[in-house]
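This is the structure, below, for whatever I ask next.
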Amino acid sequence: MVKSDNNIFECNNITVSFGSVHALQNVSVAFERGKIHAVVGQNGAGKTTFARVVAGLIQPSTGKILVNNKQMLGGDVKQARAAGVELVHQSFALPPSFTVAEAMQFGASNGKIYSRRGLEKFWQKHLDNLGVNVKSKQKIKDLPVETLQAVEIARALISDAKFLILDEPTAVLSPETTDKLFERVRQLKQSGVTIILVLHKLKEVLKIADTVTVLRGGKLVQSPISCENIDVKKLSAMIIGENASQNLANSNRAAPSVAIKPDTALDIKQLSTIKDVEGAALTDVNLTIAAGEIVGVAGIEGNGQRTLVRAIADMVGIKSGEIYLNDQNMTQMSHLERRSNGLRIIPFERNVEGLSLSSPLWENWSIRNYLQRPIFSLIKPKEDRKACNTNLKKWNVHYSNVDQLAGSLSGGNAQKVILSREMDDEAKLIIAAQPTRGLDIGATDFVWKSLRKARDNGCGILFISSDLDELFDISDRVIVFLSGQLVGEFMPPFDIKKIGAAMIEADL
Amino acid sequence: MEEMIIAILRSATPLIYVTLAGVIAQRAGIWHLGLEGLMIVGACSTILGIVLTGSVFYALLLACLFCILGSIIFWFVVEKLKANQIIAGLGLTGLGLGGTTLAVEAIFGTPAAVNAKFGLPKIGYVFGDIFGAFNGLSILVLLMPFVVFGMWLLICRTRLGLQITASGEHPFAARSVGVNPSRMRFIALMIGGVLCALGGAELAAGSLQIFAQNMTAGRGFMSFAAVIFGASHPIGAMLAASFFAIVGALGIRAQLVFGDDVPHDLLLGLPYIATIFGIWLSAKLRGGAKAVSGFDELRD
Amino acid sequence: HTQAAGDNGPVDSMISELKKLAAEKGFTARTIYAKDPATYETIFRTLGEAGAAVVVSTFNEVAEPFKAVAPTFPDTNWIQLFGDAFEPPIANVVSVSYDYYLGCYLSGVFAAHVSATGKLGFIGGISIPPINADYNAFKAGAMSVNKDIEVSVAFAGSFQDPAKGLEVASQMYAGGIDYIQTDSGATDGGIISAANEKSGRMVSSLDPAQYELGPKSIISIVGLDFGASLANEAAAALKAGWIGGQHRSTGLGTGVIDFILSPLFKEQGDAGINAKSANAAAEVAKVRAAILDGSLKVPFSTEL
Amino acid sequence: MNMQFITIFRALLFILLALALCSVIFVIAGFSAVELFESIIDGAFLRNGAMKHALRWAAPLFITSIGVIISFRAGYFNIGAQGQFYIGAIFAAFTAEWLNGAPAFVVIPACFIAGATGGALWALWPGLLRLKSGADEVITTLMGNFLASLILIYVTGGPLKDPSGSGQQASSRPLDEAYRLGNSYELSPTIIMIALSLGLFMWVIANRTTFGVVSGLAGRNATMVEWQGTKLLRVGLASFLISGGLAGIAGTVELMGPNGRLAAGFLPAHGFTAILIALVANLSIAGAAIAALFFGGLASAALYIPVMSGLPASAIEIINAAIALFITAKSKFLDKLFSLGRAKWKK
């Protein structure tokens, strides 16, 4: 590493461990002033951890950090902010009950008593100056994700940030808004701010960054690499490692199966729901999924994908319309009855909706069976443990015993536990909601294979993903949701432009 | 009418102080079921302070000191040892109730009620005869609206308030702007300690000059309910606490009016029923507020 | 004792008299506050096993535990204050009953004479049978003077809640009541405070120690010299030749219970009231005589 | 298992810490901590028949604490065991009064059914308020305790009042000897049998039925259980009802056993102690049996201390409170051990 006055940031031999997990090991990086630096790596590579170390949120166990050639204590957010470092989080860190103005104020530096009106006016001006289209008296919890992000960035910029870190800012954005974001980032660069972007999509990296830094398994692979000298192929080899990249199954997928089977797995007719707690209400949705078909759902988060899943699972009130599973009218049936008729769900949030992390594996695995029985029926835990053991082995889960807590598994293995529970032989319709979110390439590949296998066995599959590339690779058909309505249906070959446009139609 | 306002002010004021303590703790993310214990400590040390030092000032100081000490223990157990707030709060309450009894017994040899020669200064005594019928109330009653207003300013109109609220609602957000949630909880609990001391002092020495064992008689728990009912907003909490005080007064009225037809014991239950109603109503209106229950609560 | 100390009244005086007696006679005394009826029997048994010479306890609730325990410990002398006679008698148990309600009756008579508004109040700790009986007697006493007099009753819900006592009493006074008889332990303190707030408010409490808490408001007490009584009984039981299996009824006639006017009030109280109260006291004396000679029977009822 | 050992060790550590805090308080108050703890140990474990006394208090505490365990495992902070205990006893007392004269084999089971029903009903409304409207059960059950003690005062001084003598007792008539399961000075084998068989039965419910597993999962992650297709209402209500029912049975046991009658304000700290037992046992039923013995010993010591040493009985209340303050704490030191254990699992 070259010491240079032109570096805004330098770190030396940073190590961070969480228990036995080494999130960062001996990482040494330097970033040049006034440029856009990308940080890439697989899930769990340590990108977020790195960003948090820089922002002073995590104290590294060893190592030195310099910002503007000034030694930082590490683990001291105030000092880092004073030095001009600001972090915009992957999952936004704004208290939901606050108004925008309050959210801006609580991290700001003036501590006087304010009046509500004055505060709102003050921050409105600031937001307007930055071109953020939001009313400062709106509540955080009522804002869509793009706006949230804009507010976070605006907040990061109030205390004249010199060094802005954005952790996966594009994960929640549609292609159009991503472009807008990049435009902003470039402007910031013009005005002299140094920017670190943590990104997943390599195309985006090459589009915007000046340099790229690659992390793998908590170790630095190389940094900084000038973006002019590298292409997607080389970069992805660095990210997953040479060996792994050769072993990966041909992920340039099997051709979509066009052989539509005569049975329908799911038939939704004119479905309208009430507004769900966590998303838009559905209006007049018609959707059929054939047995042996994978239907992909595209759309910006919060446009009704979640409500669709919850409606199929009887978790949100239905206003009108009907739901058929395997040609049986399920509209009046409970979630449990639907499940006994072959409905299976891989839920959005693995650690919240999918597993109870502080319970043993075998309980997590057995619950689906248990719920099909009367509430006080006797069980034989020994046999259930055995059955769980056999099954998890079959699904290649790495664990040591079935009494282990689910929380002690790594993300990929945890997801496999859910797959093994939900993808049994009786499954007829599988809803896979973001099944690969947060998984690395190997585990992702495993999920894809499993879904394809289920499809070939005659299951209907509803596949929801915010990653369009993945969606196009795996789906036989793609539908698009916007504000709770099904606004488009696309057959392969998929045209990203058209689908992208459908996703944000209202914004155009 | 005037009589009634005085009566309500009198019974509501201690509740309001303690409720405010609960509000700020709640804001910081702590379900404070130790209010009852701190309140009795405040009441006891005020009276003992007056008896032993002969000075109201020192008595109040003593009350604040002990309540802050209790709050520090609570903070340590909840924050540093990550104990369950609800159980630890109940423990703090038990410690307060038992400890005050023990203290009185240790000092006077019997757990008898303690009478002080005088109580808190009265409004009329401090300001002269300008408040008419209200002269007989203690200065803490006069101070109460200002404290409520002050707490409102602090919580809703300052950055510290926002930081405290953020620490309870989204500790990670707080941490990521350089605020230490644990320290915010400390601040909140300390402020709460002082408020509990004032509430206890007003209860025992405002209109009375007595300490008796268990004299809080569930007021701390009722204050906690007022926190929830009042949406942990200082003004809302004040209204909720006043509501409970009014229901208590109506309960007495009901005894005098319907006492011949309805058993008195059941009429005495009215405040509790009102509390349950309040909790139910606020859950209906705002959705249930839920403590971080469970035993491995995931925070941050 | 089964009621918390801190009433500035019977329980406190009982404890202090016992301590005095113990100091004088040089024996060890333990006072045990048992608030939980489920533990009475165990405590008595433990005391018996520990070889206590005399066990004194209070109120009717201990009757059943006494029945169960006393026969097993014939060497211990058991005394139940404030209780009914045992049927059949137990050889080593003496019970003493107090007709406290008669004192309350007298208070009622007195109140009816001194009240200017014709409205009287009674505040109890909790609505339990003995307290109810006191109220009924108070009311009967007042009605015996003036059939139209209004008597209200309310309970604080606890014997240890002076703040509630204050609230209840304030409401009563605000509603025109000018004389309150208390019967609520430490809660009394709040009632006296309420009475102190305005002149013309009268309160009758239950122990001479309380006089100075309200020199201008405590006009009288329905006194119960519990401490003295306890000391007498305990001293007797410590002597050789104590005879158990008895029931003593004591109270109005023996000076243990009496309706007494506050000397402080006579000095400092409102002159008008004092004038009235002199007359009233004469009336009370007449009634007392009638009760004592049996010509007047005061009904006893524990129902509200 | 390693983990179980750590849990027990942790519980002991924090009980010690609590006792240390108490010692400080006692010394400041001018009492000798050593003397106090000596007499506690003496009273709880060493004196003549200590085991007998400890068991007498432990049995009902154990029954109530199983109920607490069931609802805590399911994730509901039902701290209303006290009220449910009272209402159970009241229902049983009414039944006994009503069936007075009938043969014991009719009356006793009827009382138990009534007691369980009473306790369950007193848990039902907070359960419904919680599950239907989200009203926090901590406060509602707490208020339920206050209400139940008022109701107890009312019935013992009113409808169930013992009319004997001058009628001044705030308690019900003593139960007919034939209906008693035991008295307060001999250990009743019947009660111990009832406690043990309930323990065994509930252990099966908690560890060998779908309800046990599902409610445990729901307690740790309700969202996940909902996504598995069940409405929490059924499991949740069942937990509330079972826990209330058990407290009601404990009330019945007290009524028909050692107490023999219903008296205003009996066992005022029963519910709170049962909660402590559940937590000390780390929500394990077998553990609760041992913890109940420990707290049963403390309870009997509480009666013994003031007799023998003149120390105030409030000392025991303080000890219980201090244990509550610390019992759910976690220590960094132990967590380190704990995470080592986990690392081994992870390979």
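Chains: A, B, C and D, in written order; residue numbering restarts at 1 for each.
Keep in mind that, in the parts below, a contact is a pair of C-beta atoms (placed from the backbone, for glycine too) under 8 Å apart; a residue touches a chain by one contact, two chains touch by 3 or more.
What you see is a predicted model, and the numbers here were worked out from it, not measured in a lab.
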item	value
Mutual neighbours - chains that touch chain C and chain D alike	B
Best-connected chain pair, where connection means C-beta pairs in contact	B-D
Rounded Å distance between chain A and chain D, as computed from the means of their C-alpha atoms	46
Interchain centroid distance [CA atoms averaged], chain B/chain C, Å	34
Chain A-chain C separation of Cα centroids, rounded to whole Å	74
Where chain B touches two or more other chains at once, by residue number	111, 263, 265, 268, 296
Sites on chain A at which at least two other chains make contact	358
Two or more partner chains touched - positions in chain D	150, 153-154, 157, 220
All touching chain pairs, where touch follows the definition stated at the start	A-B, A-D, B-C, B-D, C-D
Residues on chain B engaged by chain D in the complex (per definition of touch)	31, 33, 73-74, 77, 81-84, 86-88, 90-95, 97-99, 101-103, 105-106, 111, 218, 221, 224-225, 228, 263, 265-266, 268-269, 272-273, 275-276, 279-280, 282-284, 287-291, 293-296
Interfacial residue positions of chain D with respect to chain A in the complex	204-205, 207-211, 213-214, 216-217, 220-221, 223-231, 234-235, 238, 339, 342-347
Chain D-touching residues of chain A, taken from the complex the two chains share	19-20, 313, 315, 334-336, 338-339, 345, 347, 352-359, 363-364, 366-368, 370-371, 373-381, 398-401, 404-405, 408
Chain B-facing residues of chain D, complex	21, 25-26, 29-31, 75-77, 79, 129-130, 133-136, 138-140, 142-144, 146-147, 150-151, 153-154, 157-158, 219-220, 272, 275, 279, 283, 312, 314-315, 317-318, 320-331
Residues of chain C that touch chain D when the two form their complex	30, 32-33, 35-39, 41-43, 45-47, 49-50, 59-61, 63-64, 68-69, 84-85, 87, 97, 126-130, 132-133, 157, 300, 302
